[in-house]
Each structure stands twice: as C-alpha cells, then as structure tokens.
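Two complexes follow with chain A in common, the first pairing it with chain B and the second with chain C.
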Partner chain A sequence: MAQLELNGLGKTYAGGVRAVRDIHAVVEDGEFVVLVGPSGCGKSTILRMIAGLETITEGELRIDGIRVNETEPGARDIAMVFQNYALYPHMSVRGNMEYGLRNEGRPRAEINQRIDEAARMLQLTALLDRQPRQLSGGQRQRVAMGRAIVRNPKVFLFDEPLSNLDAKLRTQLRAELKALHRKLGATFIYVTHDQVEAMSLADRIAILNGGEIQQLAAPLDIYRRPANRFVAEFIGNPAMNILEGHMSDDGWVLMDQGQPLLRLPSPIADRAGQPLAIGIRPEHLHPAPLGEGQQTHALASLQVKVDFTEHLGADCIVHARLENGATVALRLGGNARAIAADSPLSLCADPADLHLFDRQSGQRI
Partner chain B sequence: MVENRPLARALTHFALIMGVFFLCFPVWMAVVASTHPADALSRAPIPLWFGNQAWENYSTVLSGGIAAAGGVPVGQMLWNSAIMALAVSFGKIAISLLSAFAVVYFRFPLRMVFFWMIFITLMLPVEVRILPTYDVMVNLQLLNTWGGLIVPLVASATATFLFRQFFLTIPDELVEAARIDRAGPMRFFWDILLPLSRTNIAAIFIILFIFGWNQYLWPLIITTDESLYTVVMGIRRMMNAGEALPVWNLIMATAVLAMLPPVMVVLAMQRLFVKGLVESEK
Partner chain C sequence: MEKRVFFRDPVLPYLLVAPQIVITVVFFLWPSYQALESALYVEDAFGFSRQFVGLDNFRAIFADKVYLRAFGVTLVFGLSVTVLTMALSLGLAVAADRVLRASTAYRTFLIWPYAVAPAIAGVLWYFMMNPTIGIVAYWIEALSGTEWNHYVNGNQALILVIIAATWKQISYNFLFFLAGLQSIPRALVEAAAIDRAGPARRFWTIIFPLLAPTTFFLLVVNLVYAFFDTFSLIDATTNGGPANATSTLVVKVYQSGFVGQDYGASAAQSVVLMVIVMAMTVLQFRYIDRRVNY
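Our next item is the complex of A and B:
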C-alpha cells in the first residue's frame, strides 16, 4: 500500500528521442490509475520507469516519499504483470509464483501460505502443479497476476495485461481485476490502449499523447469535460464529432467557407468572427422534431445528409455528412429505423452538450 | 515422387537401399573382420559372415594390447578418449554458455569487439594455429599432461555463437520478470537461462563429444607418453606395424570398440534432442 509521486518524470533515449516529458502526478494509496493513449505515446515507458526496467533521465520518482530513481526493480517493492505474461516456461504454476519469494529468502511455511491464499483468490488451486504451456491464455494471465499478488507489493503494475485475450475473456477478466483491486485495496497502475478498459477500471485516467499527460481525471470527468481536442476525440466510440469553422460576425453561427454549419440558440459573443472548433458527442445529437420552430429555438441545429446507418443491436449509429464534407455520427436507440441514404436530416443538440475548443491550441474554452 | 507409380516406387526404393548399403557395408565389414583370425583376412575371398574368433580378439585387444603397437591395452585408450572427450565437451559448454551470457545480457565497453573476436576465430581451422598453440603448451610445460590435451580444445566459437543466438530468442520480458523477482544475474543464469537451454545443450553436447572423441592431430602432437594415448591414435599406430603384417582382425575390433561410445551418446541424447525440437516452450 503506497503513495506514488512522479515529479517531472522524463525519458530521453540514448539516440536523443524524448519519449516522455515532464510527467507530474500523485497516485494515492489504493488508487487505480489507468494510463491510456495511442501506441508510441509513452505510456509503457512511464510504467517501465516506475518498475525500474527503464532508467529515469529526468525528474524524480518517489514511493511512499522515498526517492527510488536508482533502486533496482527487485528492491522497489513493486510487482508487474506483463502483456505476454512472461511466465517462466520450465517452472510449474507454483514454481512461478514462489520464485520471487524464494529469492527473498522467505520461510517455506510462509511461502506456501501465501501461495494457497493467492491461488484460492484466483481459482488456481487445481492448477498449481501444471506447466504454463498446459494452460489457456486466461489461466496464464491469472498465474501472472498470482505471481504479483503473492509478493504483496506496495504497487501493482500492469502492462496491457488483457490485450492478448479474446473479447469475451477480456470482459470477464476485467471484472475480476476490478474485484481484485477492491479486495486487495492496493495501488494499481495499469497501461492499456483500450478506452473501454480505461473507463471501466480506473479511479482516475491519465490520457497520454506525445509523451505528455493530456488530462488526468476521473473517467466521467474526462468524458464530460475533455481538456482538449485530443482527449475529446480519443475517448468515446464513435468518436466525438468536431465541427471546424469560423464564428459568424454576430456570434450566432459556425461557418465554413461561407456555409453555415451549426446555428446556436444564443451567440458566443467573445469568439465572434474567430476560428473555433465545436465538439458534440454522437449521443447528444438528435433528429429535430418535425414541426420545426417550436421547441427547437433553445437548441443548436445543423443540417446533414445521411451516408449510411449501422445497426448494432442496442444502438443504431447514423453516419452523415455536413455541407462542407465533414462527417458526423449520431447515436440513436436500438429501435430507430434505418434512414435512407442521401436523405437530408435536421439535427439538434442541447447547447450544454457542446464542447468548444480553440482551433490553434486545441484547448477547451 | 509422392504419386503412387509402381516403377517410380521401385526406383526410389532401389536408390535408397543402395544408399543404405554403401553406408553400412564398411561398418558390416569391420564387425565381421573383428570376429576372424588374422590369417583369414589376408586370404583371397574376404569373409562376409561372422567367424568364431570374436571372444579371443576382443579380450586380447581389451586386456593386453598389441605388442607391435606399443602394447597399450585398448581399454585404457578408450578410457583416455572418454576423459578427454567429456572434459572437452563439458568445458566447451560451460565456457561458451558463460561467454554468450556475457555478450547478450551485459552492456560493457567493447562488447561487440569481443563478440567479433570470438566470431572471427570460427573461421580459423585448428590446424592453422596448431604450431603457436604447441609453442604455448611447451612454454607452459603442459606437454604430456591432461591439461595440455584438453585446455587448448576447450574454447569454442561455434558453441558461443549458437548459445548467443538462442539467448537472443528468449523474450526480454522474462529477464525483466526475473529482475522484479529479485533474481540477480547469476541466479537468472542458473534458474532460468540454463533450464531453458537444456535441449540446446544436449544438441551441442552430441556434436562436441564426437568432435572430442575423434581428435587425432592434437593428441598425436601433444602426447608421447603411452598412458595418455587416445583410441583414435591407437588405431592409427596399430596399422603402422613396421615389418609385420597389420593384424586386421584386432584393428577392426578396436575400431568397433572406438565406435561404440559416440553411438551410445547419440542414441542416449537423441531423445532429449528431438524432444527439444518437438515441444516449443517459450
């Protein structure tokens, strides 16, 4: 159980590539933090720096207030679960789990007791004498977790642990992982590129891009108030619709090349005549009621032409095109009827659901 | 060839049987010759079936040796060969495992220079460096000793290279997991690398044992003391019997005996070797 402090952590590789820069974060005791981002964003590098597998070239890492930059991985009191499990292929499940404890020189009785406990927690008791090659992917992943649990570390590190499993198993293990976190009450740091895993597991999500933290906040805060365009487009599926244009001189309409894209119910006076990007989540777009003019005066409205409709069972995603060629997606309920291609459609959205971004910096306004 | 045509099948079988015949005939002749009295082999029709002198021939060879060939009993020569072949192969495996471990897992200055130095010696045949090596052995006063017989053959670029290639296929995550599990470098080597290399070690052991067993030139140069003679040297010396006729029956008996240990090693290790090829655990 520990607090983790990242003070301006950075990594520059020998070739001069700066993979990670200026990471400031405090992970509280017992917190589940997920690092998420596209590949090459530096999330794994951060995890490996915390583990001690990668040297830290800038900044400082503290576990429970003690600087560990120079501490060997084995002495940091962390445990790590790898993407490819990294089980020792020639050792039984028990051998894999006890190897770290044996190296610490723990007494036999304590080792056995800890293994029994962890095996019971992960339903591995029947498998303790098997070899890793006799196990399925999900079982191997459990053994890898068991190997971490028996060490009773201050911090658990997970490097995309579920990405080699099929979708159904991933959902199941995700739930188990969440339950495990609740049971152990330990500090978890988890790297993934899967936003569903991030949203469902995390107490807080750190979204990374280009080696920098874009936003560090609770999942719903990130979803509802993305700090910038990158976060807005990264989280959410289908991605948030972003309309790019200039505000008209009176501040009522978002224009692109002289065409109106989005009419607002009230003007944005301080951005009048300036470039602006407006984001709307697919589920916040609705087809306008037929008798136009009555309730719609309080809503933002836009005109689109339908491209095609995807029926996903619970949802129905309509892909459409604006006057200037930009595409938008809207999410309708599972009962929605398919809309014929090329038919025009009026859409509206609550102005409270609009996200305004600066077009140069991409920051939220 | 895979099609079922009788003529093609018959031809294939004929070719294969001929191959087997040419391969096995000399061995058959050696075994047959070792069971006849000496004069039977000097007469015109060479016997193609077993004689009745097997017991006599083999016991002469094993206990007494042949007076004309220095009289060293073959039993002792076999023993010498075994010691030398085992020491050379174990020494080679130990040293090349460690040097491959160093080259793959440690970052030290001039690492690649050392690797290429090891690699380049692959291209030098033993015969090229035999004179300087002999000179070094003389200066170290290792002539006619086990040390002189074994030590110069122990370094092996080939085995180092093979182990290096194998270590490179071991996933980095395994090393990292071991580091997190508080295994130091030697513990990692002993607990993880060595068990994983088991089948590779077996394969290399087969090759190295036969290499050590069949050494001829080096033992011939370095030893003059009969108590250090190896069996391969011994066979050669028996044939240089001077004035007398070579005693082919005894020579062949010795040759058969000299063949047995490598054959046994291959048969014993083959299972492990094949097992290593079949089950891919990584």
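Our next item is the complex of A and C:
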C-alpha cells in the first residue's frame, strides 16, 4: 500500500488550457480521499496525471517517496476504475480480470486463485464466463472493480464510477465500496461531482474549483468550517444561505439594507465598514414566534416572508424571502406543519453558527 | 433487437423500395440474365446468328490453359492487393489516429488517391513505371541495378498492377480503419496501459480484435475489388500483358468478348465470376458477420 505526494502538480493541455494548477496534497497510506467539484474543475485531469494517462506539466508526483512523473502507467502499480467501466468488450468477465495478471506474467495457478478470491468478494463467481454485454450496469461496475482488485495495486483510482447507475444501485454500491476499502486497507483516490458520495465515502475531501484545491479536510470539518464561500455553497443541500452584508464601525454585522443582524461578541477591528458575505446553513435558522420581538443581542434575527414549503418526509424545507429580495431556506423537522405562503416569519440563529466571508476574496473570516 | 418498422399504408412500403428494385432489375438482373443466356449459345463473329450449345462454352473455357492461368493470376493479384492494402492502410490509420486530433489536413491528403478515376490511376502508374520515361522505373534501376521493363517481364508487370491497385485502394481502407480506430473508446486502451500492456500488446490484444468487424468487411471489399473491379486499371497499365501475365479473370472476360469476339466464352466467364461473387457474399453474411459479432 502506498503514500502519495502531490507537490505543486499542474497541467496545461496542448491547446493551452491550464486545467489544473498548484495541487499540493499528501494522501496517506490506506486513506480514502475524494476529489469533488463541479464539472470541468480538473478532477479527472488530476486523477489521470496520477495514473500516468496525462503527462504532468508542472510539479512532481511521488508514490512512496519515489518520483513517478516519467513512469509508464503500467509501472506505477495503480489500478483505475473508469466511469464507463472500460471493460474489454471482446473478453469474458474472467478474461477482463486476468488480463492485467497475464501481462505481468503470473503463473496460471496464482491467477486463478486471485480471480476466485476477488470474484467471491464481489459476488461475481457466477458471472465469470459471461461477456460484458450480458451484464447489468451494476454488475459491470463490479467487474471493473474486480479487475482492479486482482492486481493488488498500491493505489486505487476511481473516476466517477457510480455516476452511470440509478440512485438505488448507487447507494448500494457506495456502501460496498466503503466496505471494500475497509477490507483491502488500500489507498483510494475517488473522483465524483456528487457531494453525498464525497461526504459518505471520504476520510478527507479535496474540494476543487477552477483547477485549484479550495479545501482539503475531513468531511465534517469541511461542512462545519468551510474555508471559503465556494466550499460553503458547494457542500450541503439545500445550499448554505448567503446574505450580503457589511460590518459597522462598532462591531455590528448589518444586512445591506440596514437591518442589523447581530452584534459580534468581539468586533473584528480591521473589518470595520467592509462588505461581508454572511453564511448560515438551513438547519441553523429557527423560527422565532412573532411578537416575541424582543431580539436579544445573543441571537441573530431575520424577518422574512414564506414563499413555499417542501415536505420531504424526514425534513421540511421552507423557502422564504427577505425584505431586500434575497432568498433563504430553512430546514425544519419532518413533523413541522406547513406554513402558509406569504405569512411573515421571524427567524433567529445562534451567532456561533454564522460563517463570515470576505465578499471580495470569498475567504473565511 | 427488433428493428422492424410498421406502415399503416399498405402501398407506401412498396413505393419506397420501388426505385431500388428498378435499378437492380435494369442494371443487375437483366444483364445477368443476358449473360446467363449468352453463355449457353455460340454466336458468329458478326452477331448475325447464334446456336444453342448447352454447357459447351463452360467446357471450353475450363479446357483453355490461358483461362486457367488467369485463375492463378487473379488469386495472386487479389491476395497480394488485399494483404498489401490492408497492412499499409492499417499502419497509416494507426499513425494518423495518433496525430489526427490535431489536424485534418493529413486525412484529406490521404484520401486523394480514392478520388482518382481507375483509368487515370492506371495511366499515372503507366507513366511513372514506364521503362523509358518513368521516374520510378529509373529509381528502381538506379537503386537496385535490376532493369525494369514490365513490357517484357511478366512478374514485374504483375508487381506493377498489384502496386497500382493497392495504391488506388489504400485510401478507402484507410478511411474505414481510421473510423474504426476512432470508434474504439480511448478508455479501453488506457485501461490496458494501466493493466501493464505495452504498445504492441495493446494493439494486438485490444485494438486489433475490436477492429475485427472493419477488417472482415474490408477483406471482402478488397477481394471483390481486386477480383472484379480492377479491369480498367489493369487494362490502362499493362493491357493484361505481357503474355497474359496480368490477365485476371475480368480482363479475360473483356479479351474474350471484345478483343476475341467470342461472346459465348466471354459470357460463360462472366457467369463464373458471378458465381464467385455470390459465393463470397454468402460467405460474408453466413460466416464472417456472425463470427466478428462480439
């Protein structure tokens, strides 16, 4: 198993597109790291540079301390699972799984033994003599994983392996993948655009945007302390509410239309008068009974009008609108009663749950 | 998968296939019938009278040493052209597939020979290889010291028509191979690279098997081309000579019919050709189509 070091990795494609820049990360032995970000942010590019399928144009990649920038894909001792499975269509399931081992020149007995083992682990034993076209999507994905497992590589790479499957199967395979990682104890690097996959699978998540890492941390750390506004809005569903505001001279956080939001316990001196983006997660907004108006300095409070309510079973999402037109969502428990549209609502939040971002740079304050 | 289409109007489907049927009848079935009929008659040289002779024409051509030799020539010619064409065009297509994502100029360039009319291709090679004025003939003599004269040397003449026919057919093959290569998902080749297969192994274990449908299609196309579609090229280049060294079966049909004025023998030879074409078509549909379907 292996440790991976990405030292300032960057990629400029032949056409001049600088897809990825300045990627610094150390993936520990046995760690499950998920790269997540919107489409086109460079996730696949990073994964393919690690695999050796794209040349590295900047920086250095080390596997177990050894520089592998110039090493052929086959010599890096990695395995990759592709989005469209990339099963060899003219070979049986067994043929697909043994192809790599035969290229390594392993003896027949060892090949058979490894295939049997992997097939048992992935419940593929009954399918070994089928052709890929005779398999369902989920089965194909299992074969692709089996093909990776039999090689017993140092690092497993996954490029959106579940995105072609339906929701139910995705959830099931997600659990299997997590179990597989635990069983193998290998280093996994996993690319997805789905934040749920990222949150549920990862030991650490790397959030990418525009070819750069925005934040690299454990899932809950990212959720609780997003490093910048992009991360804050990317992770979480419904997305974090962002309100435009600014800091008054005496330490108040004000909404842009003047409504005072809250007083910071300790004013941030050098931010006086500066514009802010104020983030608050839907589950941190609570309705305060109207009329109890006495707003305390300890709570932030907002006056809104309800747009509509979504009952999702376990949750109830209320969409509402501020006086200045900005929309917010709040998450209530599944037992919450519907709130009529257009009814006024007073919301409060614990200041500890607010996230303040510099409005220009988007960085967390 | 069921791909049947249902029409509500009972006449429409017949109207839709009518043009194709008319073309087939006029340009294929009618001439075929005429050839079949003529093959059973002997006609006098001026075409005034003819006489029913049954299978005599067939007996005569199969007793004719020159005709039997044409079988051998056709086989050598056809197989050489097919193998050469496919090997060269596959090589070119693989090379082009690598660089093609950058430029399409290369592709256009390689398609040109296919746009050249067969007779013109023949004349082109006729001039290039001409023992007295041909530039290629000059190079061959300069480089290898062997004298090039395909007017005298039957083997050289055969080589010449093989080269000309191959050159003519490469671009067509190239296009199909290139399309075939480009339709192979890149991820498959990448997966193989990660699975420790070197470039040669990737080619023979992944790319080549996946090209099989294209390869078998081209195999049949090239054999049909070499056997039946090279008349004007051979006629323009060597005229079937010297001493029938480049007389393939199609050239023989022409020579017997239009030069020798023996319509019966010519028609009998056409019938033989027809049988061969049908056999190859059956082979393609029955055997090959099934085998390469993965």
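The rule is simple: the second predicted complex is superposed on the first by the 337 of 365 C-alpha atoms of A that agree within 3 Å, B and C clash if a C-alpha of one lies under 4 Å from a C-alpha of the other, contacts with A are read in each partner's own complex, and residues count from 1 in each chain.
Quick note on the criterion: contacts are C-beta pairs under 8 Å (C-beta built on N, C-alpha and C of every residue); 3 or more make two chains touch, one makes a residue touch a chain.
This is a predicted model, so every value here is computed, not measured.
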| item | value |
| --- | --- |
| Joint occupancy of chain A by chain B and chain C, clash or fit | clash |
| Touched partner set for A:33, first chain B, second chain C, both or neither | neither |
| Touching partner for A:2 - first (chain B), second (chain C), both, neither | neither |
| Contacts of A:84 with chain B and chain C, given as first, second, both or neither | both |
| On chain A, the residue positions that both chain B and chain C contact, one per complex | 51-53, 72-75, 78-80, 82-84, 86, 88-90, 99-100, 103-104, 131, 133, 147, 151 |
| Residues of chain B touching chain A in the complex | 171, 173-174, 176-183, 187, 191-192, 195-196, 198, 279, 281-282 |
| Chain A residues touching chain C - in the complex, by the definition given at the top | 14, 51-53, 72-75, 78-80, 82-84, 86, 88-90, 99-100, 103-104, 131, 133, 147, 151 |
| Residue ranges of chain A in contact with chain B within the complex | 51-53, 72-75, 78-80, 82-84, 86-90, 99-100, 103-104, 131-133, 147, 151 |
| For the chain C and chain A complex, residues of the former touching the latter | 102, 185, 187-188, 190-198, 201, 205-206, 209-210, 212, 294 |
